[in-house]
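First, the structure itself, so that you have it in front of you.
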Amino acid sequence: MKRVDGRKVDELRPVNITRNFTKYAEGSVLIATGDTKVICNASVEDSVPRFLRGQGQGWVTAEYSMLPRATESRNIREAARGKLSGRTTEIQRLIGRAMRSIVDLDKLGERTIWLDCDVIQADGGTRTASITGAFVALIDALAYLLEKEKINEMPVESMVAATSVGITDGEPLLDLRYQEDSTAQVDLNLVMTEEGKIIEVQGTGEENPFSRKEMDRFLELGEKGVKELVKYQKEALGDRVELLLNGKGNNND
Amino acid sequence: MKRVDGRKVDELRPVNITRNFTKYAEGSVLIATGDTKVICNASVEDSVPRFLRGQGQGWVTAEYSMLPRATESRNIREAARGKLSGRTTEIQRLIGRAMRSIVDLDKLGERTIWLDCDVIQADGGTRTASITGAFVALIDALAYLLEKEKINEMPVESMVAATSVGITDGEPLLDLRYQEDSTAQVDLNLVMTEEGKIIEVQGTGEENPFSRKEMDRFLELGEKGVKELVKYQKEALGDRVELLLNGKGNNND
Amino acid sequence: MKRVDGRKVDELRPVNITRNFTKYAEGSVLIATGDTKVICNASVEDSVPRFLRGQGQGWVTAEYSMLPRATESRNIREAARGKLSGRTTEIQRLIGRAMRSIVDLDKLGERTIWLDCDVIQADGGTRTASITGAFVALIDALAYLLEKEKINEMPVESMVAATSVGITDGEPLLDLRYQEDSTAQVDLNLVMTEEGKIIEVQGTGEENPFSRKEMDRFLELGEKGVKELVKYQKEALGDRVELLLNGKGNNND
Amino acid sequence: MKRVDGRKVDELRPVNITRNFTKYAEGSVLIATGDTKVICNASVEDSVPRFLRGQGQGWVTAEYSMLPRATESRNIREAARGKLSGRTTEIQRLIGRAMRSIVDLDKLGERTIWLDCDVIQADGGTRTASITGAFVALIDALAYLLEKEKINEMPVESMVAATSVGITDGEPLLDLRYQEDSTAQVDLNLVMTEEGKIIEVQGTGEENPFSRKEMDRFLELGEKGVKELVKYQKEALGDRVELLLNGKGNNND
Amino acid sequence: MKRVDGRKVDELRPVNITRNFTKYAEGSVLIATGDTKVICNASVEDSVPRFLRGQGQGWVTAEYSMLPRATESRNIREAARGKLSGRTTEIQRLIGRAMRSIVDLDKLGERTIWLDCDVIQADGGTRTASITGAFVALIDALAYLLEKEKINEMPVESMVAATSVGITDGEPLLDLRYQEDSTAQVDLNLVMTEEGKIIEVQGTGEENPFSRKEMDRFLELGEKGVKELVKYQKEALGDRVELLLNGKGNNND
Amino acid sequence: MKRVDGRKVDELRPVNITRNFTKYAEGSVLIATGDTKVICNASVEDSVPRFLRGQGQGWVTAEYSMLPRATESRNIREAARGKLSGRTTEIQRLIGRAMRSIVDLDKLGERTIWLDCDVIQADGGTRTASITGAFVALIDALAYLLEKEKINEMPVESMVAATSVGITDGEPLLDLRYQEDSTAQVDLNLVMTEEGKIIEVQGTGEENPFSRKEMDRFLELGEKGVKELVKYQKEALGDRVELLLNGKGNNND
């Protein structure tokens, strides 16, 4: 079977991760997975939402948006419509949960890390690219706090990345492009740790319900993709990976 | 291991499904799963959303809400706040996808079926109870269309129900109550057909990532629950099940 | 003259009041007047609105809503439209004033009682049924405070109920059903105490202005209806009526 | 008993009605009742709301607003808050009903008359002053349509005005000023035709329920006030009253 | 060249400034420039916006609105639409900047002066009339604070007024009426001090870009207009001008 | 006098214009003026706003936004707040007017060109950079229409660019960075054609009113800046400039 761009069924699109993409954010990443491009900015704020105040613990949250012309036809700007779509809300909640799942909020202290994921070009998989890129921006923001001695150790318990799997024309495929995604019978997003533990799985067979056996195949493909994505993250982070490992080391003492 | 209400790990709460709960809706169901109670009303509207007009196909959509005092402490009414929460939006999109997944929209004709799920008492699992109850209301609304000769056959491809699975204190449990759910390390919602095909699976291990093997155990528990729920649906539908089977028969010609 | 359901001109529809309808609210009532059914939940909150803070006095307020399919054709959900209709606002302000009129807010202490009136089936007279049912839920919530020794006496000065009167085909009628109401030339809502004192009267003769003499006939019919409704309330409250009388006794010392 | 401004209990404040107050509106009135001043503009629009289209009948509707500093302390502008208060909604619905009650909408043809009541100074009774002033602006707008030969006769069935009655310090008083109104135990607004027929009555005894006998006294006082207000309207309308009477004459043929 | 109302190219429309137009506001002015009429109310509030709290300095801000029928055809009320138009926002920001430019906010103390500009009739130049009128209302509000000894000196550094200039049929004209303005190729608003210093200039040649030389002619015309407007302001203020001069005197010590 | 970055008083920051920045938009430009970076996407839509329908003419409009972390501290996303700030509204109206001023809307035909200006990094002058970049994106979108033979000639009457001028420490400076801008006593934005004609001038001396002579100096500086910016635009457009000139040639016949 030939995919539209010649990839194998279990092959990711090319991944590029650029750190320090903009100059003000504590962490700023441009991630490209194929033609999907997302700016992931991590900002540190010295306060927490009202429901956490005075508990000595931090918070990590995310916001997601697409430029109106990130897609083939122009979308109405959500700020102009005056409200977020259900899709946007779902995605930013997903990114937030993914990031919080690997951060030790107690060690973060009473501060919030905002992860702003702004899609400048969309070709499928924007939510999973956002998670993969946001993790790198998050590490840079945490490293900033470590350098400023606002925290004592890296409050990160694992590396995390995300990818999608789907069935197009009866064939399970890894990392769908928009052309594949829009005709997929099944669409599954997987957020996983470096160690292969599932943080979040969301699979929809609205067009074509799938069996438990197929489910297992999806997870297999997804795990392969996530492990490769983690390699790209490590490469992009360079020396900072040590920091992460050390942080983890301290963590285990 | 003893559950808070004495159930076994793979045991559903008692299920009660009352049809014709209110008098105007074409389908009106009160579903109770333990202390969780949801009114599921199905309404037929003779038009479709703008994006479907003139295509000769129908639409099925859902809305979800909780009475302010469905829960232990009172929640602010979403109509008073002037916007839906992210949680509400996610849930009503989930219910809508679940219902559309088993309806043949072409056979429905240019009309919309609204499924209004209003939770009057919440003790965990309101979204899965909504799906299980909404399916019954949907069948009644479709039977109404059949009787009125607006459609020629039952445009339903399968029965569908939903339940939740979670890990509390390290133990995978079926059909969590609120007390179990609020301390769960993993929370997974499963929408499945009578035949055991997955329509939607959403699992979150924000607190505690889980392995692919655990995932399989969750699906096993969930499948057991869904199959029992389908039995309750059939019992509630009585003769109407025949209608459903005949519809399916025609469907296969 | 024959009414559509065979009632006499001064006859109420059958009234049913079910207490403890849901399990979390301090007071929870399902009231049915004919086919009109309203859930009235009373919730106690340990704070008051900003404009009352620090004055040692309490507050009683109400919210009103209809399920989308409470009526013959489905209404758009106010939470989905993002704002309350003028009709909803008027009704919830009316219920709130009615409840405050018979509560001694000083004796209530710095707490708020919310009365949520959610119509699950509407056949005319939903606002007056809400008032009649909300009063019972209010008493249960106040009894809860008394039992918990948060208040020392029942801060209620009188029983209150409400009904509607109208002219259909030239004939003044008590307690209009929707079919009568929708063709009424005059529509008057009356909120009254057990003793026959008027708390609120709202009469509209938009279609057909009426004389002062007719006004008097409306009040006569309405008073008869309210006094019967109070009997239903007492019956539903059972022993709790004693509590109410004792409260009133203390009140007069 | 001495009122704060020396009036008798059944005495209106001085009334001034200025026609043609602004230059663009088809009817433009400044009404002053004591220190309460309202601009009432009537605008003709050549279409009707969606729910009336194609039925050959017209519509009359009203909007009400107060300048932020119409009152002793500044109020937040509703346009700035982004929504109308419940009070504003209630008042503009009341004005609209009052105007529609005396217009024959079939004779108006498919057009809408907007009555914009903008309070520039408020000293009690702004809603009743709005109704009394809006009626005069409405007549001017209808006369404009008659002159332009868009309608053949005056589609007005009666003159209408409104006033308030209340109990302050135990004494029923006509036409309350703010100082009286804010301490009133009872507050009743009465919209009445020239012939003494009630179009709308809204009485609230939230602070102090009242008897049916007191109700009758309120209506007596209110009727006296309305009849005097109609005289002021006639005086302001001058020759146009003939038009009104002729219109009524035709109406009766 | 003949202007539509016979004015010379550099001639203002007749100006009328009425002080104490309404009774509650600390400063209340009705300004008429030709048929454009604006109520400018100045209100003193004993607090400042959040971003200024605790800094010992005051704030001056403005809001602007038009009655729906201030114009030839009726506009939808912004409170009904639920949001301010871009035009309204721009204008009220402009008025606010103009007023702040001549007030010493440190000398004002921690209080806010609100300038509400409500256009009751619009014939071009409503924003510049609002500024010219608001200045007079501001002085009255500041004089009130001086009399109440809440401030020690007049915190005003200069007089300020505003007018418009435009090119119609190739001819630069001062103070455009709506008929001229709507066909103008260039439209320039000028806010200037009595001394001829520019506070704000906004010129648009969307239809017809203009040269730097023309720009200079516009400023010449505008300066002439502003200086005449300041005379009208002084005349209206009467004795209060002394206060202003004394304030300035102290200011220079 | 030494500027913070060593520039001369009349020197622009380095300018970089990248075309085809994203792949879907008909025109897509990344403009950098120093550290200010804006994505300017031009989208063609085959319809016009309601107020222009059926008139055979086109429309050009703009939207403007900043990524939350485009600035030193994070701003709340306007989509999250549910409304546009006054600043955003003003800027996008300004960009829209600037673009329309040089497009012949009749020759564009019944279609809309949207110019989306999204600031990814802000260091002063974002609105003027948006205009300068949007012009280039606009030309690419128009060239696309020309190639597709949807229009016959380039409907552009002139080149347009924009820059800012201000007074910092008493010295008039061209093209302010944020550090200069935030302490400027005067701030003036200038939109000008290649030929030196003013399309829009907005100058504010809220902190320090300025004289007509200073105004002239600002325009001189600004004109120098705009002419240099037009050179950068031409360089970026390359061959497309010919198209523009030819279009203009036809225009003059």
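Lettered A, B, C, D, E and F in written order, each chain numbered from 1.
Quick note on the criterion: contacts are C-beta pairs under 8 Å (C-beta built on N, C-alpha and C of every residue); 3 or more make two chains touch, one makes a residue touch a chain.
All values derive from a computational prediction rather than experimental measurement.
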| item | value |
| --- | --- |
| Contact distance in steps, from subunit C to subunit F | 3 |
| Shortest walk length in steps over touching chains, subunit A through to subunit E | 2 |
| Subunit B and subunit F, separation of their C-alpha mean positions in angstrom | 52 |
| Chain centre separation in whole Å, for subunit D relative to subunit C (CA means) | 29 |
| Approximate Å spacing (C-alpha centroids) for the pair subunit B, subunit C | 34 |
| Residues within subunit B bordering two or more other chains | 82-83 |
| Ring path (origin subunit B; first step to subunit C) | B, C, D, E, F, A |
| Residues of subunit E defined as touching subunit D within the complex | 22-25, 28, 35, 37, 39, 41, 43, 45, 63, 65, 67-72, 74, 77-80, 82-84, 88, 114, 116, 118, 120-121 |
| Touching residues (chain side subunit D, partner subunit C) in the complex | 83, 86, 89-90, 92-93, 97, 100-101, 158, 192-193, 196-207, 209-212, 215-216, 219, 223 |
